[in-house]
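One chain, chain A, appears in both complexes that follow, with chain B as partner in the first and chain C in the second.
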Partner chain A sequence: MISVWHFLSVAAVLFALGLIGFLTRRNLITMFLSAELMIQGVVLNLLAFARFHANLSGQAFGLFVIAVAACEAGLAMALIIAMYRRTKSLDSSVWQNLRETGVPATIDPDALIQPPLELADDPKLPAAGKKPQEVAGV
Partner chain B sequence: MNLLAATNSGNAIGQLAAAVILGVVAIHALLPRPKGRSIALGVFAGIAAVVVIVSWIVRQFGQPSQGQVSLVLFWLFSGGAVLFSTIFIAQRNPARGAIAFAFVIVNVCGLFLLLAAPFLMAATIVIYAGAIIVTFLFVLMLSNAIGTSNENDRSREPLLGSLAGFSFLGLVLFALYQGSPTAAADALKSEYHLPAVTMTSTERTTLLTLAEHAGVVSIAATREEMLKTADGLRESYADLLGTSDSFTDELDLARTNRTMGERMAVRSDVQADAIKAQNLNLKRAVRKALNGLDNLSMKPEATAAEFKESTEDFAKLREETILLAARGELPARNVANLGYALYTDYLLAVEMAGTVLLIATIGAVSIAGRKEAMA
Partner chain C sequence: MSSTALALTVLATLLASTILTPLLAQLRLSRYAHFPAILGFAIASVLSLFMLRDVFLLGPAGTTPGLSLDLSGTYPFFDLNLKESPTVWFHAGLLKVTFSLAIDPLSAIMLATVTFVATWIAVFSSGYMHGEDGYTRFFTIMCLFVFCMCLLVLADNFFLLLAGWEGVGLCSYLLVGYYYAKPSAAAAARKAFLVTRLGDVGFVLGIFLLWSAGGYHTDLSAIFAHIQQHSASHGTLTAACLLLFCGAVGKSAQLPLYVWLPDAMEGPTPVSALIHAATMVTAGVYLLARCAPLFVQVPYVQIYICATGGLTAIFAAFIALTQTDLKRILAYSTVSQLGYMFMALGTVGAITPSIAVAAAIFHLFTHAFFKALLFLGSGSVMHAMGGVIDIRKFSGLRKLMPVTHITFLIGCAALAGLPLLSGFWSKDQILDSLHHAGEHSLHYRVLYEGVFLVALLTAGLTAFYTFRAYFLTFWGEERIPEEAGHHAHESPRVMRVPLIVLAVGAVIVGLAVESFTRHGFSKFLATTPAIQMANKTYEREHNVRSQSSPHFNWKVAGMGTTAALLGLAAAFALYRRGEMVAVPAILKPAHGLSLNKGYVDEIFQGIIVKPAEIAATGTRQFDGLLDSLARFVAFIPRLFAAFLRPLQNGLVQFYALGMVLGLAVFAFFIVFKVSR
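And then the complex of A and B:
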């Protein structure tokens, strides 16, 4: 028998990692998956309490949380599509002009380091030797 | 495993703070950004944070289990979930992040199974298998795979973000610590284990034996056979439930049917009241069956109707005993009982969840639909 505290601790860790992902990452799809990670932590909590109290209410509630997560997934994907059509980018900072008044705009300090664009290995032709010379008088 | 065992238990908060700081360092070093990302430092600090937090959990809440199998499975699944979620939030490539998220889901489903929720495990795997494939499709469709980009290679305030997340984690764990049995020795007491409401295994065995005994009495064919088989039943029930006279019986009933104000004044829960009521039902069944038996023994020429009533009382007694023996455990037919609960107790909620899903589908279609097509 594992005690309820252990499951609550794991759920708290999962929720915190999802929270960090949601706060720091800028890709809309990664942010959406981070929210799903937080939901997993919450469902784990509900199931731990269902087991602790030995009734099925927690499991039923967990099922409803998953149903709401499915709704959220559908709406989030639709919103991501609509936003991508406008800006051609998944970056959430593109939308920072929607921020509160008085909050300074975020400026990215460092330039991105583009990796050197390496060409794929082209087939190498063998050395063809000297260019054939015209032989005079033939 | 317990590295900081030498420190006294007053240092629990200090150890928690150390874990939080190490976690902040780890995630801050791992989060993608153009300058200053250090995988080696992040991995090192991350491992240190995990070691400190595991030792903290073991010290505060005790070693999770006495059984080796569930112990190994618990650490495997929870470790896997934490590892893959760290990889997921630190991963620059969103497609690889989605794969790491799929592994998180698999590990969390393992934990669901440990929590006796097989239906939710299967449902989560099925739902997220679909959801992750769709996410994958979106990633491949929308993101540019070549080169670096703002959304994948920059983080928004990595230090403040990880500080916020880990401060939250520290606060939640501290709240758990405050509400929990603080010493590991207390955590080994059965009342803190899953499930909360326990009876000892000998008590459960006694109850089930008694139920069997009552069952044997209830199928007795003749009066003599019934009197013979019922021998010793009274003493066994008296040992288990205590001698029940009518005065304590009424007192129990008064406690069960308390008014709202009384319930709030005496700290108790619905679950406990239900168990009390069940206990009372069993006592009543015992009294009724044994009274019937006394009547039968005093009347040599009992009518068939009286005999039948007595057998029915014993059958009822057997049922009540089995019901009380099953208290504190989830039903063995977990999935069937969850379905039963969903379509009886939560029928309205199920309908509403279906409606919300339908509305969400319509909303998604109308949000994602092109304006030209709608005009």
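And then the complex of A and C:
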């Protein structure tokens, strides 16, 4: 029998994964995906309790959150694209110049050496698999 | 139109020109900026002549009707109604200030003089100021000045009068500083403003004292009537009169506050003619004349006024003897002539008030003509000499500038008081008043006799320095300074015509209104309600009948003329060659004293300006101390903040971590503390 505890533990795992992802990754898109993960964890909580209490208000609220999350995703992507166009980078630490005046900039002591890539106007996610080989003569 | 309506139209016309002139600059018509001014002044002048006629035929106008504006929701939305009582400007508690005008012979004469002289000076300025930067600015301020002056003259309310009084002060400041890029002009403007302000403080205090002593009225006529009925305490009245006199001293450049007037000559010459000779500086005289019903009750203040006038007259004349700047000579002569007017006002109460006031106002009237003429003449000379006004640098201009020469000569003769010219009649009346006061005053005969002698001596000195300036400028061999170049010439017609008009005025006004046995001016002026009131007080206190008009005294006239002729003869003997003469050794100290303006500026510098500067420096230091204390207090929070500032490092993840840790603490607290 699947009890409310099972739901809650899945939700907690989702939330924790999202949290860890948000704190450790510096790619803006990945950070945003992690934040979404946290939201979904919370929504799962709502649904679980709705089922547990056998009323629909939690379900309705869950739908509502999903709709809002969709809007938020659109907004966030627009912001990320705008930020990318200014700095040609998806790294969130590039934007640290909003710090208090007089505080020295934080420098990553062992930064990743990024291969020079042709910077497009808009950000592109890394390729999902190997680039198809070109077949000679085609 | 009734005389009140005429007066209001005069004010409205002048205000309209003031607003219209700067609009021309906006339309890029600056070249025609003189049109609204000249047209406005001319219309005002004609209207004020009509008003003078109305007042002459029908007598003074009563209370000024007011307007009330009723707003409503239906067409035509507003309704203007004529009321019996004057419109209220503002009121607060017991203080109620109304727009009430005094339409009587005194104000009518002043209004006509101001607007008439202003018209011709505006015509002159359109030639003199041609091509100057700020042509529009000049005429705008001129219009505003004449408006304020007319307001001052027409006001029957102390606060309305004060508004005009401060307005003319402001315009004077703006016009003296017309060449504001020149440091000396800017300094002169500041000096003029600050020194007159010193007098104005007294004036305002005096107004409030009279307001509280005069039954909380602000209308002059109401205050006079109230004080007449419920005799105020002598102390209050003395203090109030002295304070009013203090304002007059500042505005009318009397000892010791005359120092701003000679410096005010930094302004353009037409300004000197209009503001610092013919109109504004006479405001103090006008104020004292209007307040005659108060001053007649305090004879010891009168003594003080008379003595101040006498000292100023002789001292300024003494300084004028050796000055070499043509405009400054005229400025000192203005101070000296104002002193004459105050001498006459000082005899109010010792003799019939109407006669003393008439003497002062008549001198004011004639002085406006011949002094404006002299200033415009000097402006004409300055125009031709390329801006040089030092009489040592040019001479023998009589062939070069015939019209200026003749008109200047007429002005000089009038100022010196040569017989039959306007200055003669008015100066004679003042001398006569003083002489009369010396014979008939109740307590202070010796003093009045002394002042009479001072006035006679001043008459001689006046003739001497006036003709010294005249001979040095127009006689001898022709010399022209380099600055004039080769085009030294008689001024254009637009400048000559005002000279001629004013010269004609300077010749005939005295003869026309106040010669030998005809005393039209004095009799007309005596019908002013305020002066009538002063006469009544005089009759009651001295238990005599007041004299209806002055009578021409051949002895006094002879003495005055002799003094003037002696001065003229001395000037002719010394300066007819148009060159400066060496000063004999015995007169060297006196000459130095006069040349250095009696060291008054230096004394003021030493006893007022320097201590003020020291006090200001001390205050500045103290202010700095307070500032550093405040900065120290503000520094303490910054010091603590220095520990917290590194937390704001701009990294999103760092902030997120902070939130997570905070949330963790919060959750820990709830789980392990609250739920137990």
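Definition applied: the second predicted complex is superposed on the first by the 105 of 138 C-alpha atoms of A that agree within 3 Å, B and C clash if a C-alpha of one lies under 4 Å from a C-alpha of the other, contacts with A are read in each partner's own complex, and residues count from 1 in each chain.
FYI, a residue touches a chain if its C-beta (ideal position, glycine included) is under 8 Å from a C-beta of that chain, and two chains touch if they have at least 3 such contacts.
Bear in mind that the values here come from a model prediction, so they are computed numbers and not experimental data.
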Partner with the higher number of touched chain A residues, chain C or chain B: B
Which of chain B and chain C A:Gln40 touches, first, second, both or neither: first
First (chain B), second (chain C), both or neither touched by A:Leu19: both
Contacts of A:Glu100 with chain B and chain C, given as first, second, both or neither: second
Which superposed partner A:Ser92 touches (first chain B, second chain C, both, neither): both
Overlapping contact positions on chain A, where the chain C interface meets the chain B interface: 19, 23-24, 26, 92-93, 106
Residue ranges of chain A touching chain B (in the complex, touch as defined): 1-10, 12-21, 23-30, 32-34, 36-37, 40, 43-44, 47-48, 50-57, 59-60, 62-64, 66-68, 70-75, 77-82, 84, 89-93, 106, 108, 110-115, 117
Residue numbers on chain A that touch chain C, as the complex places them: 19, 22-24, 26, 31, 92-93, 95-100, 102-103, 105-106
Residue ranges of chain C touching chain A (in the complex, touch as defined): 645-646, 648-653, 656-657, 660
Sites on chain B touched by chain A in the complex: 27, 31, 33-35, 53, 57, 60-62, 64-67, 70-71, 74, 78, 81-82, 85-86, 88-89, 94, 97-98, 101, 104-105, 108, 111-112, 114-117, 119-120, 123-124, 127-128, 131, 134-135, 138-139, 142-143, 147-158, 160-162, 164-166, 168-169, 172-173, 176, 180, 187, 190, 192-197, 271, 327-331, 334, 337-338, 341-342, 345-346, 349, 353, 356-357, 359-361, 363-365, 367-368
